[in-house]
Amino acid sequence: MTGSMIAFAAFSTIAIVGSLLVIFRRTPVASAFALVLVFFSFSGLYALMGAHLIAALQILVYTGAIMVLFVFVIMLLNQDSPITDIKESSLLFKGIAGLACVGMVTVLINAALRVSGLAPTNIYTDQKIEELGGNLRVISELLFTDHLFQFELTSFLLLGAIVATIALSKRQRKGGVS
Amino acid sequence: MLNFENTMTLANESLNVFMVVPLALCILSFLIPKGLQRAYAIAGAIFFFALSCYEVSQGLGGQTLPWLSQFGIQLGFRLDSVSKWFVVLTGLVTFIAVYLKGNWYRKSPRIFVASSFFMAFALNAAFLSTNLITFYIAYEAVFVPIIFMVGIWGTQTKAASVFKFFLMSFLGSIMMLVSMFYLIYLYQSQTGQYSAQIFDLVQVSKSIAPERLCLAFFGFFLAFAIKVPLVPFHGWVRDAYVNAPMPATIYMSGILSKLGVFGFIRFVLPIFWDQAIQYHGILVTVAAISVLYAALLAIQSKNPRELLSYSSISHLGFVMLGIFSLTSGGVGAAVLLSVAHTLASVVLFMLLHFMSERKEDLTLDRFHGLAPRFPMLFVAFFIAVLASVSLPGTVNFVGEFLVLSFSYPVSALCTVLSSIGVILGTVYMFKFYQYLGFGSPNPKTGAESVAKDIGVFEISILIFMLGLIIYLGFQPAVILRGFSS
Amino acid sequence: MSLPILPWLVLSIGLLATILISVVRVGTKRPAQIFALLTLLATFFYSVTTVPSGVENVFNGAFEVSALTQVGLALFSLIGCIFVLGTSRYLTKEGIHISDYYHLMLLMILGAAVMIGSKDLISIFIALEVMSLPAYTLAGFRRHDARSNEAGIKYFVMGGAIGAVFLLGAAFIFGATGSVSIDKIFEWSKVAQGDFTLFYIGHLLVLIAFLFKVAAVPFHFWKPDVYEGSPIAVTGMMATVISAASFIVISRLIGIVDFGRIEWGAYAAQLKQVVRVIVVMSLVVGSAVLLTQSNLKRMLAYSSISHTGYLLLGILSSISHPQEIFSVWMYLFGYCLMTSGLFVLLSQSEPKADMGVELIDLTGLMKRSPYTTCLWIVFLFSMAGIPFTVGFFSKYFVFLSSVSAGETAFVVIAAVCAVVSAYAYIRPVALMVMRDADPSASNWKGSPVSTVVATVSALAVIYFGVLPGTIVQFLKGVPIGH
Amino acid sequence: MNGEIQPMMMVVVALIVFGIGLFGLLIRKNLLIMLMCIELMLNSVNLCFVAFSKMHQSVLGDLTVLFVMTVAAAESAVGLGLVIAMFRTLKSVDTDQIQILRD
Amino acid sequence: MNLSYLILLPLFGFLINGVLYLRSTRNSKKVSAELSGGIATVAMLLSFAAALYNFFLLRQLPAEGQLFDQMLFPWFKLAGMSVDFTLRLDPLSSVFCLVITGVGSLIHLYSIGYMHHDAAPAKYFAYLNLFCFMMLNLVLGATMPHVFFGWEGVGLASYLLIGYWYHDPEKVGAGMKAFVMNRIGDIGFLVAMFIAYKFVGSLDFIQIANTPLNPEMTTTLGLLVFFACTGKSAQIPLFTWLPDAMAGPTPVSALIHAATMVTSGIYLLARMHTTIEASATTLSVIAAVGACTAFISAVIACAQTDIKKILAYSTVSQLGFMFVACGVGFTIAGVFHVMTHAFFKALMFLGAGSVIHALHEEQDVFKMGGLRKKLPITFWTFVAGWAAILGLPPFSGFFSKDEILIQSLQSPHGSMPLFLVMMAAAFLTAFYMTRLLVLVFLSPSRMGQGVEKSVHESPLVMTLPLMVLGVASVVGGWFGLPIHEAHVEEAAGSSGRFIMLASVALALVAAFIAYKKYGKTTKVEQVNDIAREGFKIDAFYLSFFGNGTKNVARWMGNLIEQQVIQRMIRWTVAIVDLSGNLLKVAQVGSSQAYLMMMFLAIFAVLAWFLFGVGQYAKF
């Protein structure tokens, strides 16, 4: 058992338990904090795989931005009290849902495990990444060369999100003129 | 193999007038003021009919115009000894349909006139086209005016009958379309090119194992059997005929049913010759059952229109018997009988319309005694009834006689059974006539009492139609000539 | 200067300009409307006049500029024009005539237009979201209406979940092939050996995500609800732009592997089985449930489900016969044309209660406004596939292709379903023509512009129903990516 | 186990989390939590990408995750906007409240 | 020789009278019986002249080639079937032509008087001319379809004339019955034509006669033709229409239902005698049916009280005699009897008409009596007819009827039972005819006072035909048949003489019995036995076939059409509707449910690929 293995075991356990907490906690705030837990553990898993940039961004973007947004909305909507929606759905429904999810995961894992025979493409080995100036540099370079298109497209996505959010949330008078 | 195409003269290349003229009349009708619609329609229809006759007399012809040629869809038209009669009948039926007076000239007459001419356009396109897809398009397009006519001017329960008519016909025709695709695909897989021309597809069908075409055959059969209709595909007929306004009924009985007949002759027999032989027994039986079953239904019906609708089915059963005899004689006889049936049924429906204009209630459960009051009308009616029971001297007799003669050698039993339909036909047609015409006249009420006998123009039309029936009864060679080779 | 992506740039710049002008002139929607219209028109004319003959990959192969994509762009901008012009009165009436509407609409069109050209899974995903986020928003745009909220939320929740499914599929494909670029995956498929299971699953998941977008049964549940709840103009855009774009992407994604290679034969066979099942279910559900609907928008939802069935039939035949894909293009073309016209007409309704447009509102329309009725009839007949309308040729080529591909049995099923749905389309016609107006029937009143727009659409429907030669010829010549 | 962390193990973890997210999506009716579940699913996919990237010794997966994060952010923004709009009208964020459109 | 005048003259008569009638309906001015009747009679007389002329022309031809064909126009020609509209005159048709035009002319003349008070005599004469036209076509046609043209045409004219007074539904029904029963017989004709076309390839009678068929087909063909004849000539099983047909004006009964139309069956058998005689089965069937008809209808006639019904059953019975002649292979005798029967039966009908006319439409013989004095011409001409039908020498019936009796025993196809039945029929004939004569003319009057006073002899237009026919009834038999006089002489050989004597004696005995029984009748007799109702055969037909068809039709309409076919359509729609509603159930509105179903589907697809059938997809 190496250290990384222990770390993996720990992070993955936290991730899974955290996920379960997300879905089983009554109060949305609790779920949100469980989610933060998951995000952190994922960040750890990324770090274990050497994806340091992603690990950092995971914390920054998800925990720093998205979760804050969530918590903000939860507070805005006064959703900090326990809710009982989970009890309302029938046991049968939950049972089927559980079976479906277990089945789904089984199928997906089964499929994923069959891929082991593939040879790696060996473009960006760890050594090479080191030579090229590290994970961050490589990704940044690719982002503005090969993946410029996606990058630019993302700007439109964000623009859209901004316009949409404003349109949804700005005060609107009956009668149509904004 | 059938060989009834007259190959002598194919010089006539101005076939598009058959389509262009009614279409132009259809479009023009929107510009005519409401009050003049009937005059316009009658004049237009007479012009169109005369033009059709003239063009037909100019000889047979063929014409191909490009349309979607890369997919095998050409505007291929061909006037041969089969189609020319149907084209002429289209003109005639159109005239009769627009001639009749009724609420269609009071309530949105433009749509009625436009529908009528559109119908003529679509029918002619269907009767002339040599291209399966063009035919299909025209065949489907015929629905549209019928739906409008029944929908706008039909009786109270029209909606259900429209749906029944539309759905059954559409089901059949779309199955035919799928079968057409199969044929086109076969041609394409053999030659690498698309073609929906009948001549090409006949070649394909000959070069292919007959079993592979069975389903395609039934696709075509279903479409035309519903259209004709053959029992048991006749479910739509009664309601449609009864609930439609009279012009629509005249169209349906007079010429739409012939579309199915024509389809059998033009498409099914040449393409599916082997299948037709294989299923010959079934086909002939279906035809014989149509004759008898519909005749029995006609006997029990109390509504004149219902009776005529069943009688139509019964008579068309004879036509189909002729076609299913799978001999060139039978086909020729079937064409003759089709013409005969069109003439007779159009006259009968027209007279029924005249009668119902004069008397509301024409239920066939008591004697109405109308004959002494409208002698001219009933003389014409009687002759039409005689034609309908195919008494010798009318063209219907020649047609029916020839049909049965040619079907007897191939299927004696069905022929004899169908002959029983002749007796039943006599029973219901005479019952029909007698109930309306005979007995003592009932005391008249209200508007009924001022009703007069038919006028001179009506009489002239009737003389023309009945004269045609009798003339052709003695000179059927006019029509049969094309089939004698 | 040759900048292949110029039409897209025109649209993007126009979009930015529209947003800017709205920021400058706050408080009025007119400039945004005009700018949006100008942008769309410019895009339309620019893209139709510069249709390339070949396929050009830009952005390192991440984006494809070809006849297909450019015509897609032109089609989307045209639909955009139709809706900008045709539904302005409706928007005012509904109180959602604000400049944001135009921004979001343009964004949606941009997303769709980019998505159809995207050549890697990530671009497709981002473009999908660029298209979908405005769609979610627009679906919930009548914010004071609970049903609109519901539509937006439902669409969003299911769309979000399906987005995750798409991404999972993309991840699996990436895992199996080491690439997300479609070209590279195709190259890989030509030489790959070993166990492809991961790829299959990924591929299926990716496809399912788009089957969800086009509402193929059993991924269709969102559609009727969202259609009913969304504003009519938005529903129209969803029905046309999103469906068409998604179908183009589906065809791209289906062709991601080299089915010509023998190793993929078994997969192709099995994939076809799945598509067949989906085709049948879509057709049956689409047409059977169509009959039972009384709400017009729900009817159109089920109608589009059944159209999805026909389109998937075309896709199905293109798996083994790639050249038959033109039938899908043709169908999409006709479908977009008639659907947009129908929605413009639908937007002319003025429902009395807040219950949406019901079938009964159509009763006696013939008497009330004969001209509009004629337009209705043209579109409904086209939907039913009656000749002389473009709907006929749409079905025609799909059926022909499918028969050529040996799917005759499914063509028969499709034909039967066509009859059933034809019944449903004729029923409104019957109500309009045969019945007198029901006392509870709502009024219909369209702006002259919308009637003109609908007329133009109707004429186009008839024109392409009579003379489809040029468009079919063109679509047949559209080069296929792989 | 040879001590090395196999990318496949990551994938398994990711898929389990995906399944949990999915399960949550199915059984919870609170929209906020449903949104969180969607985030969970996206996250797990991210992990898959990175793991596969590692497996292929490529950085494509990492790049993809960047974009996915952006998308997730935009999506949750819009989603929360919709939830707020719904809350304003219905005073609830429960999906039980949004069953008007049916049949 | 031009035969076209023969048929065209009545046609013109028909057309002129028809147009006159139709004009009169427009301007409501009645066309007088004299004018229209005159036109019609002249047309018929001219036609008779043409027939006579042609008859003599034909006689001048050599005995072997007494045949003349005149093609009027080609009728139809299709795929090996070619039929022309050809008139053919040979001795057989010549005789029939003479009878039709001759008797026809007289009846036309008679009708002028009889229909004097009718509302629309032009219509009547038009129909009558139409009938003659059709009847001439029937006998002159050279091909089966041509004969069929006439065959149906006479049926039509008969229908029109039976139901001439169409205000009365009963008369209309009688016409309908006649037409329908004729048409039932026509099926035989039609199928016979199909067989002829199939096996002979031609429908010309000469071709058919000259083409040998296999025995089976010969029998079938013969029986079918005979079936057609039973319809037209009112034989068992299709004889019940004829008594009802008496609903028409009496001259019509004389012309159509006694003299001409009903004998067309004999004509057809004679025309096709080669075919008929080629099969012994056919012959025996014909003879048996003929004999039965002759006997049964004679029995029925004995029980009738309506003067016209008695004559009608008598006609049926006499037609049975003729069929027996055909059935024993001696068609000539049948044709001979047709001719003599035409004379005396027409005479008796016209006489009956005269009586009815005089008694203001009274037809019950028990309400007559003692008319000998009041209607002397009618009486004496009637007696001539009576003597002829009894077969008293030297009246015409004697020659023809005894010939049939003799042949029924002597001919190779004859037999003793047949002969005995025929003798019995002859006995009954004498009985009921004498009964009729006695009751009407000789017995004490049973008429009402008012009626009795107004009784007067008919005008000359009516009595003249009576007298002419009376003479013909007397002398008609002397000439024998022009076809084969010698044969008649020769046949009346040794045992023939005995039969002759026996039959005459039998007739006299019967006449005596009848006279004894009815000579003193003074009150109305109430007969209510089964014979009077025609052994209920008609009622049986009505309930079995008539109502049977109606019931089957109703059953079809209600059960098959409504319950099966229409219901199938409705069910199809309902099933589609139901499936729509069932499939709609999934649309519950809950997002969770939607997601659940979606993911279950995804799971199913993936699982199918991975574990299920999809295993083969891996390699």
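Quick notes on this structure:
The chains carry the letters A, B, C, D and E, assigned in the order they are written, with residues numbered from 1 in each.
Operating definition for what follows: a residue touches a chain if its C-beta (ideal position, glycine included) is under 8 Å from a C-beta of that chain, and two chains touch if they have at least 3 such contacts.
Everything numeric here is computed off the predicted structure, so don't read it as measured data.
Shared contact partners of subunit B and subunit C comprise E. Highest C-beta contact pair count among chain pairs: A-D. Chain B has the C-alpha centroid lying closest to the overall centroid of all protein C-alpha atoms shown. Farthest from subunit D, judged by the mean position of CA atoms in each chain, is E. The chain with its Cα centre farthest from the Cα centre of subunit A is E.
Subunit A and subunit D, compared by their mean Cα positions, are separated by 6 Å. Computed centre separation for the pair subunit B/subunit D is 66 angstrom, with centres defined by C-alpha atoms.
Averaged C-alpha coordinates give centres for subunit A and subunit B that are 71 Å from one another. Work out the mean CA point of subunit A and of subunit E, and you get 101 Å between them.
Contact of a single residue of subunit D with at least two other chains is seen at positions 11, 18, 21-22, 25-27, 29, 34-35, 51, 53, 55-56, 58, 63, 67, 70-71, 74-75, 78, 81-83, 85, 95-96, 98-102.
For subunit C, the set of residues touching two or more other chains reads 122, 126, 129, 133, 136-137, 140, 143-144, 153-154, 157, 161, 168, 172, 175, 178, 195, 197, 200-201, 224-225, 423.
In subunit A, the residues that reach two or more other chains under the touch definition are 89, 93, 97, 100-101, 104, 107-108, 110-112, 115, 118, 120-121, 147, 150, 154, 157, 160-161, 164, 168.
Taken pair by pair, the chains that touch are A-C, A-D, A-E, B-C, B-E, C-D, C-E, D-E.
Residues 584, 587-592, 595-596, 599 of subunit E are the ones that touch subunit D when the two sit in their complex.
Residue ranges of subunit E in contact with subunit B, taken from their complex: 22, 25-26, 73-81, 85, 145, 148-149, 151-153, 156, 159, 163, 166-167, 169, 172, 176, 179-180, 183-184, 186-187, 190-191, 193-195, 197-198, 549-550, 552-554, 556-557, 560-561, 565-566, 568-569, 573. Within the complex, the subunit C residues that touch subunit E are 153-154, 157-158, 161-162, 165, 195-197, 200-201, 204-205, 208, 212, 218-219, 221-222, 224-225, 263, 266-267, 269-270, 273-274, 284-285, 288-292, 420, 423.
Put simply, subunit E touches subunit C in their complex at residues 576-577, 579-581, 583-584, 586-587, 589, 591, 593-595, 597-598, 601-602, 605-606, 608-610, 613-614, 616-619. On the subunit A side of its complex with subunit D, the touching residues are 1-2, 4-5, 8, 12, 15-16, 19-20, 22-23, 28, 31-32, 35, 38-39, 42, 45-46, 48-51, 53-54, 57-58, 61-62, 65-66, 69-70, 73-74, 76-77, 79, 83, 85-86, 88-89, 93-94, 97-98, 100-102, 104-105, 108-109, 112-113, 115-116, 118, 120-126, 129, 135, 138-139, 142-143, 147, 150-151, 154, 157-158, 160-162, 164-165, 168-169.
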